[in-house]
Amino acid sequence: MLYFDCDYMEGCCSEILKRLAEINMEKNRGYGTDRYCKSAEEKILKACGLSEGEVYFMTGGTQTNSTVISALLKNYEGVVAADSGHINTHEAGAIENSGHKVMTIKNKDGKIAGEDLENYLKNFFSDENNEHMVYPGMVYISFPTEYGTLYSAGELSEIHNICIEYGIPLYVDGARLGYGIMAEENDVTLEYLAHNCDIFYIGGTKVGAMFGEAVVIPNKGSIPHFFTMIKQKGALLAKGWLLGVQFDTLFTDDLYFKIAENAILRANEIKRIFAEKGYRFYINSPTNQIFIIMEDEKIRELKNNVSFGFWEKYDERSTVVRFATSWATAKEDVEKLEKFL
Amino acid sequence: MLYFDCDYMEGCCSEILKRLAEINMEKNRGYGTDRYCKSAEEKILKACGLSEGEVYFMTGGTQTNSTVISALLKNYEGVVAADSGHINTHEAGAIENSGHKVMTIKNKDGKIAGEDLENYLKNFFSDENNEHMVYPGMVYISFPTEYGTLYSAGELSEIHNICIEYGIPLYVDGARLGYGIMAEENDVTLEYLAHNCDIFYIGGTKVGAMFGEAVVIPNKGSIPHFFTMIKQKGALLAKGWLLGVQFDTLFTDDLYFKIAENAILRANEIKRIFAEKGYRFYINSPTNQIFIIMEDEKIRELKNNVSFGFWEKYDERSTVVRFATSWATAKEDVEKLEKFL
Amino acid sequence: MLYFDCDYMEGCCSEILKRLAEINMEKNRGYGTDRYCKSAEEKILKACGLSEGEVYFMTGGTQTNSTVISALLKNYEGVVAADSGHINTHEAGAIENSGHKVMTIKNKDGKIAGEDLENYLKNFFSDENNEHMVYPGMVYISFPTEYGTLYSAGELSEIHNICIEYGIPLYVDGARLGYGIMAEENDVTLEYLAHNCDIFYIGGTKVGAMFGEAVVIPNKGSIPHFFTMIKQKGALLAKGWLLGVQFDTLFTDDLYFKIAENAILRANEIKRIFAEKGYRFYINSPTNQIFIIMEDEKIRELKNNVSFGFWEKYDERSTVVRFATSWATAKEDVEKLEKFL
Amino acid sequence: MLYFDCDYMEGCCSEILKRLAEINMEKNRGYGTDRYCKSAEEKILKACGLSEGEVYFMTGGTQTNSTVISALLKNYEGVVAADSGHINTHEAGAIENSGHKVMTIKNKDGKIAGEDLENYLKNFFSDENNEHMVYPGMVYISFPTEYGTLYSAGELSEIHNICIEYGIPLYVDGARLGYGIMAEENDVTLEYLAHNCDIFYIGGTKVGAMFGEAVVIPNKGSIPHFFTMIKQKGALLAKGWLLGVQFDTLFTDDLYFKIAENAILRANEIKRIFAEKGYRFYINSPTNQIFIIMEDEKIRELKNNVSFGFWEKYDERSTVVRFATSWATAKEDVEKLEKFL
């Protein structure tokens, strides 16, 4: 059986496994106060082109989103997101559970259009009755998006400038950040991202780490007592160095980007194969997720040999399905896939 | 100046003012344990055709919605509402603040269509990934809606049956219930309502009371410890008899319905006037709220003499405005209005 | 039957009832934007000796405490209170329900001793592990306390100075403020209070109003968007002028203090009677609540004619009971009480 | 430098490290739906003597406590705990953040005495005013406690029977469960525990795992939709098999207990040494935490060579310090420690 279900089906890249084994019996202080977290923070900030800043490590995406968003928002504020945003769909109401509304804008290919955001905020702030409404307190976008699409540098900058204009922070969910940065058509560097938002996270779980996400706060000190809020959310790993050493490894010799590139190469091969075989694409995604409109009969046949994701019904006879690659996808699996199509 | 801004610009109907004065120096026990609350409960249950049940009194709509909804929902559940529902728009995020998502369905004339609800629930419960999503734990509708429209008895029953099918309760926000029941085209009686939902409230603040809403739970005991949850929400009035005596008065000799009728009569007169003068209606509302598409120039002129609500921009030169009547609207004010149009 | 159960058994003082009737059919704008709220705010600020500041009106104590406290605290903070504080005992967990811990200090006669507060804060801030703990984010005291006792001006100032030293606000729950200020031994004026805390409320429900509490923020603008947080908590009365006109009346010609004095005079008479009859006092309370250690046999006998509060078991044969007076307590009721003792 | 700071300074036991490496490139399904979680669940249930039940895996203690407690409690309920309980002291208010009060009973050597619990619940349920108070909705105890002490089988059963009497569940925090079960004087087996509480967790983070806690629900189906609540709390690890394989390993051939024994053996040696050297013990702890009253001068000297925990000031010249052993503590480190004392 071939597996293209998602990008988190394996453990971690070999370099990380090695480091974890090497330091296994070392004695380290807890809660991220160890030297590996320190080193990882320094390397990440350097990779971001930040002379100062803060980096915190957590173990998963929903946890990170929930902790960051509730740390940024005041009681009367909500978070603006695309209706397709992960926080709005597949986090079991984590944001609302922390007391805040997810305020949605209709997505365009998984993204928020700058114009739509501008209109949304303009309408809110010009509404005489807005004191009876939830205030937009921050903007959430994902890069890449849930549909595998990317904001261009220009689009990102536009969103950020609108946020600056309205005095609210921009948060970027980078669960698959590596796959975005390494996409061929992408023009957003890690450094550019770090200078065009107020807080973001670098996803490890889906990009080579065993587990872990690194939250980057470019403006040092901008979230007082973030450590305690992480603890309160149950998001503070006792053995924080497990996260530190993973990101220290990923940000040594550009490993994070090198392994991310594999997912892009494999995805591009798969896209070429689908195109050659005449399949229709549901959306033009330049990263590691490929959305295909497939006839239901073909799906039934294919799933005898290949495991992949069902997205949504397309029409009476067809369904949108998702194929995902990752840092771990083998070239030979792609070749085998071609034979089943 | 004439005022048609909203339906809560005056104190209370004269019968209530009289009763409040009469019992002012009586000594009553607090927190709704007094005889007036008891009597009001009995009268309301009788008016609802319920042999048993429970009635609780609170002081306002947002408070009531927030208390009822958080009492009904489990942690992993949200409330399904029309996108135009008051809880989704003008309650400053009260529902989310209590930890729950408002899950929206696009409104049709302010209402949820039964078919849309059925599809929404069917899609959710057939989704393989729904364990990662917020569960629809109840349905919220308003009667009349925020656009002044009404569910017919058939539509209400359809919604309720869908709720029963999916095992989730139906809650009806009756902030303007009296105006709905007394509307000419309405076929939903109080008794019908009480037998076609799981919990609802009878609005007093907008229908003759000084303040107060009466929550009716037809199925006695279905919300254990509701009293304590009211207290926890800060919604338990110390001098509960102030609410009890008001509803006792409103439900003596059908006063609630008699005074509600005035709003309908006045609204119908205003609608006739607008129609005769050639104004366009934004929506066909049979209750006490009238939505007119008015040219901006006319608005500027009219507001020298008349105060009314601005709803939303309609086009370059026109705006949707709202005129509201109430139990207190004087016939002569309607006659004066005609002259300014 | 005589009633000394509590201080909120009647409606309101005659002056307020008259005003409510007079303006009943006036048309006023909602949500506290009316002229009565404006006038009440001005009179209250003047009575507080404040040249500027803000005043907001809510309908009850738990609601006010919950709204104020959650508006002041950040996510990682809790509120420090005496273990006997109302927010810790009889508000059904309203504070925790809004996400914050009530951090308790053992009370001394219902009060927090300055020394204990100083030690508590010193210990917290010198604890190396405090990043894993709830931060003390504000201090809550009640004046008078739940035991009817009072902070002297010196004690209040001491508490406030400690708060200033640690950079956290002091909030004073004044549910029975009038009875504190009018107590014979009291040396805290309203003006003194307003200058020795960061926020407090003037209780109306228990002191002559039909309902209502007035929150005073001496430092204007110190709680941005407080209005929206009031709305979110369901604490914004639609007909806000009902609260405004009551406080406008209470703060015209010192009415608030004049009617409060009655409770003190009656309480002092009752205390004299109990003392003369040889009863023991559980606590020396200078305000309108009297705590007596009474033999259970006497309680059984007395309650045939007098209604009063049971506080707690004292020993095998005795119980602590509470007698409360109010603005409405009649001198003749006190005389009748004497005969039953 | 010698380290006795805490019991989570190393990675994991060698057997786990080996398994993680072996399965690293296997493809597994996410969110705990893999075969390792299934196998671990079966082995744990068997070790608990449960023919059915449920096991869920999370990554840390605070996260587990917060998720379990908010899943069990209704809105109007709080959790009863010893004042020294971890949830009351060092979880940054995680429980309150989820809306619930921690209701404390004064600890006796870190434990809740059955008599105190009985009195607490009896007082609450006999209080006429309890509808205005937080309901005790469950009991939380830790085994071992935060002071390293243990409930005897008789004490545990007594607590559980009181819970049954009052109809509320008992939850046992087993962050250091292995060290409790392997203590010499302990008479509580895993099977006994599983039959004398309603839910508990088996700590992995402190007992040989790299990270992870296993929540055991003896009564299958007693917490509907627990999976979604885990997700909502950000506590659902995407690569759930990382937890599964660790617990599968720990519960193969009694590994969990074998490695836990090391901590007990080393702690007993340390206790013998301290006793021989004439040190006073702050508390008599039979598990892996040793609390010593040490003169401040000695502390200053010792910490040049040994790292350990500062607990609290004892008197002017002495401090309570903590030495912790673990599955990883080397016998030679104990021998070295002796020389420095």
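Worth a mention:
Each chain carries a letter (A, B, C and D) given by its place in the written order, and its residues are counted from 1.
Rule of thumb we're sticking to: a residue touches a chain if its C-beta (ideal position, glycine included) is under 8 Å from a C-beta of that chain, and two chains touch if they have at least 3 such contacts.
Quantities reported herein were computed from a predicted structural model and do not represent experimental measurements.
With chains reduced to the mean position of their C-alpha atoms, the one farthest from chain D is B. Two chain pairs, B-C and A-B, are compared here, and B-C has more C-beta pairs in contact (counted per touch definition above).
Separating the centre of chain A from that of chain C, both taken as means of CA atoms, is a distance of 50 Å. Chain centres here are Cα means. That of chain A falls 42 Å from that of chain B. Look at where the CA atoms of chain B average out and do the same for chain C: the two points lie 33 Å apart. Along chain D, residues 75-76, 91-93, 97, 99, 131-133, 228-229, 231-232 each make contact with two or more other chains. Interface residues of chain A facing chain B in the complex, by the touch rule stated above, are 75-76, 78, 89-93, 96-102, 128-129, 131-134, 310.
Within the complex formed with chain C, the chain A residues making contact are 70-71, 74-76, 99, 131-133, 135, 225, 227-229, 231-232. Interface residues of chain A, counted against chain D in their complex, comprise 3, 5-6, 8-12, 14, 17, 20-21, 23-30, 59-67, 91-94, 97, 205-206, 210-211, 228-229, 231-239, 242, 328.
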